[in-house]
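Following: one structure in structure tokens, then a few remarks.
Read from first to last, the chains carry the letters A, B and C; within each, the first residue is number 1.
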């Protein structure tokens, strides 16, 4: 690759992002209500200086983080356990899989009205349950797939090396499935953010979804853009953390083969 | 260890049926014993009744079930199809042509982590509260998997195949059409199936925008009227239609790319 | 010289599988003995049910009829063609595995694993991951792991089938070198006639499915064997002829 090529390579992404900003700016100049990049930045600063209804911006972000983390932890523990149970207990799978198959195609967002009927709107419980449903399905499915697709040869190797059933599970099947389980956690997390925004838009008290919902009530598009940017950044941050976790947990996935 | 004990067919069927029956029996019992108030949960039998009743009863949401279904299908299919038409070629181009990749991938990466719902306030301002806005929300949800799968699919084209085409005198664009695209096709179809899944899953969100019909609207109204049978009926119908259409797409996928591995 | 004592007695093994095309008989009334500390090669065409035979001996699979009986310790160290290494463990952790399963102390695990890694020439790679190793090195790890299990019997299922010719020769030397220091009965499966003659104390020639024993050869060639000697080539021709006939 020659030098001028390398410069274009670096410039093209910059150009494209600038272009999007310019497009955004242009669209906002054509529309009275739509906020542009500058207004969004101003709105952001204003929100920090004069919190809406006395709730500082960081409280919204932290509330959302808190909800998604609690839901994520519950969903990981329960999802992995159920996935393992489906994978290693054929009779359990026979009995429970049909029930699971009824629940599985229900979109997480479709649960919201029912959960609200059940748990009510006060407190974090309803939101956490809604987010939990969003995350847990992908975790169950991936864990089950990882466990049940373990190479028979590795299981045979374990048996000839004298592993008990429990050792085969903890020492072979589970570690072998970690990458697939982590992929499930990542998929689950992005569904989780979507459920979070939906839950916070429907059950209104605080959080990033609250901001987005508020912007809808008052045609405050600058506020919506602030919310959008906060959600995108938060979700990218959590994905980044998961990727770092994967590097720590599975160093062998990141090796160059000889 | 994970191989299932060989059991006669009827025993397996019995076990599976037992799971379902126990599930519904517990549900029915919980309601019959009055452990939960009828404002929160109703018996499965009542949901079945509501299903047949809803075809001519317009309470509480003002429309019959078939109207809701057709409205929702229209919105989802419009959003899903436009996402395929735009997303697939875009993903393929991004994966094959370097300039496209450098130009578009950063933009895509910025847009990708934004939940489709977060666009609603802006979409309302730009497109109003009609059909178009709802379609647009679905479009955003369906767009991402279309692009990602087409992109990864075509990027995985083996160098050897491209070299064969090059030595046979193919131009870069011919290589794209005749080698890259066919190679990526199985992945593209998987992307289309996944993208339908997320389109359908976003239905409830799209119908949060001022609606008067649609399955998502119906369950919202069911909740406002504290009618759990309407909420559960709506959920089940959404789940059922989603599963059926995903299944159909799976069949289509196998028919369209018979050379792909049969197991999955 | 005293008669060699029998380590494993295989008698009247039969096994069939149900496939889409009907029932396929894989093993057909197979009986033979494996003697203490011998290097027995099982030679046969691809897909002839050798793996099923080995799996039955290793108690991974159950036969339809017949039996496998061991004199003493019935555990086996198994070397698979596709390595079957645990790619999430470092080389030394892989080799330690059988000791850990048995609940040995950490020191014992490390010491024994190091000893066998040293024997297969991988002392310097103990903290590498399998993904960082070449095919030949991976199979060395797998062999070290099989020996670490401390079993009297080592079974190798076409262990060098996936390796290139030169690495294959090196690995054959490696296996013979281990024989000098480690007392064990070895059952070695291959479809390569030269490899069989080069390694084997005794060779059992198997037919294609349904597999049965066609003939037994005892190469009376001094070690290290010379692949280009007339005796070696004569034996090779003899086996080749019978192998073709049995197809």
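By definition in this document, contacts are C-beta pairs under 8 Å (C-beta built on N, C-alpha and C of every residue); 3 or more make two chains touch, one makes a residue touch a chain.
Model, not experiment: these values are computed from the prediction.
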item	value
Graph class of chain-chain contacts, one of line, ring, star, complete, other	line
Chain pair bearing the highest count of C-beta contacts	A-B
Geometric centre distance via CA averages, chain C-chain A, whole Å	48
Gap in Å, rounded to a whole number, between the CA centres of chain B and chain A	17
Whole-Å separation of chain centres (CA-atom averages), chain B against chain C	51
Multi-chain contact sites of chain A, meaning residues that touch two or more partners	none
Parts of chain A lying in touch with chain C, wherever the complex brings them together	151, 153-154, 156-157, 159-164, 167, 171-172, 175-176, 178, 250-252, 255-258
Chain A partner contacts - residues on chain B that touch it in the complex	1-5, 12, 15-20, 23, 39-41, 99, 102-107, 110, 113-122, 124-126, 200-205, 208, 216, 219-220, 222-223, 226, 228, 231-232, 234-236, 238-240, 242-243, 246
In the complex with chain A, residue positions of chain C that touch it	55, 58-60, 75-78, 80, 82, 84, 86-89, 97-98, 100-102, 129-134, 145, 149
List of chain A residues in touch with chain B within their complex	8-9, 12-13, 15-17, 20, 27, 31, 33-34, 87-88, 90-91, 94-99, 102-103, 105-114, 116-118, 147-148, 150, 155, 165, 168, 190-191, 193-194, 196-198, 201-202, 209, 212, 215-216, 219-221, 223-225, 227-228, 231-232, 235-236, 239
